[in-house]
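First the structure, which I've put down as structure tokens, then a few questions once you've had a look.
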Amino acid sequence: MVHKVQLRTSKHDQMIDITDQVRSIITQNEIAEGIALVYCPHTTAAITINENADPDVVHDMLMTLNKVYPWTCPDYRHGEGNSAAHLKASTIGCSQLIPITNGNLLLGTWQGIYFCEFDGPRQRSFYLKLQKD
Amino acid sequence: MVHKVQLRTSKHDQMIDITDQVRSIITQNEIAEGIALVYCPHTTAAITINENADPDVVHDMLMTLNKVYPWTCPDYRHGEGNSAAHLKASTIGCSQLIPITNGNLLLGTWQGIYFCEFDGPRQRSFYLKLQKD
Amino acid sequence: MVHKVQLRTSKHDQMIDITDQVRSIITQNEIAEGIALVYCPHTTAAITINENADPDVVHDMLMTLNKVYPWTCPDYRHGEGNSAAHLKASTIGCSQLIPITNGNLLLGTWQGIYFCEFDGPRQRSFYLKLQKD
């Protein structure tokens, strides 16, 4: 059971909360107990789980990642010029795995699932693989 | 099969070895072959797998993460003041997945599972989801 | 179903594309639908998924990780002197989970699976755990 979800990012660096989309697919498929694998098939984007309330957290995360992995650097060799995005993708990770109990994601109170764009704007997608116990 | 384990952290930054607790739940549940998902429901804490022998590794890791993600920064906007902890949480990751074979975690010789506190001390918890083959 | 694959790294820092080895084991085991867990049992190595085409991406990633986590630092305490490798291991992560559909890994067009060496050259291994739906 693999579901593909399309999304359009609108900024160069962006974190888009996809929790509701993931929840909705779990409900439609009537998964009571199991696991949800959210998988990003891109190499300059990622999936993470973090604070769902204050958008300033997202601001501070994207800003700081830009300091740790600067966009331009005289030593970069990759001709496409987006090595920083590849670095962020491997640092944040291309998937997240979340337990499902009682038909819902076992997220903490303040946790949301984010699609992280590091070289946008672009047409993107993610996969949701659901496993029933 | 989801188990919730409570723990109390005692420092602002801390890595607590939870391998024995995870092992003990696997034994109690008589899982011979499968996978163990260790999941952290907090946004300023994380789960990682790293060196279980020399505590200086933990010291060096926490110290260096504090340099990469400084606690104070004039550009941070998040009012709670713990953006660095959110950054570390997404860098380290909120879960780890380990194969189970012959009733035990398939960890390497030097690998231990750590609950990582980045904004303590606090009352915390983690989930352990076990899947039998 | 856990498979152990041995490999020999040849540099201090290196990313070795293991996608074909993973694919081949999936084919041999005739897994049509499921998930593949690629797991690294070492604490100074990691598994990531990133660009499979231009080797300059790998160059830029390894070079930049060396800047973020410098090999020498007067404050490191760990006697073995490889704290930077432990930091990279926890940053990149010790496993990756990939959906399998129609008998193949559901990787994006530009995605390859990499074994990341951060303290080589050494004899290393990784595990591949396959789960059928």
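Letters A, B and C name the chains as they come in the text, with residue numbers starting at 1 for each one.
Note that a contact is a pair of C-beta atoms (placed from the backbone, for glycine too) under 8 Å apart; a residue touches a chain by one contact, two chains touch by 3 or more.
Because the structure is a prediction, the values reported are computed rather than measured.
Fitting subunit A to subunit B on Cα positions gives a rotation angle of 120°, stated in steps of 5. Comparing the residue numbers each copy contributes, subunit B and subunit C share less than half of them at their mutual interface.
Centre to centre, using the average C-alpha position, subunit B and subunit C are separated by 20 Å.
Residue positions of subunit A with contacts to 2 or more other chains are 68, 91, 93, 97, 131. In the complex of the two chains, the subunit C residues touching subunit A come out as 35, 48-51, 54, 56-57, 59-61, 63-65, 68, 91-93, 96-99, 101, 106-111, 131, 133.
Chain contact summary for the complex, subunit A toward subunit C: residues 1-2, 37, 39-43, 68-69, 73, 75-80, 83-84, 86-87, 89-91, 93-95, 97, 127, 129, 131.
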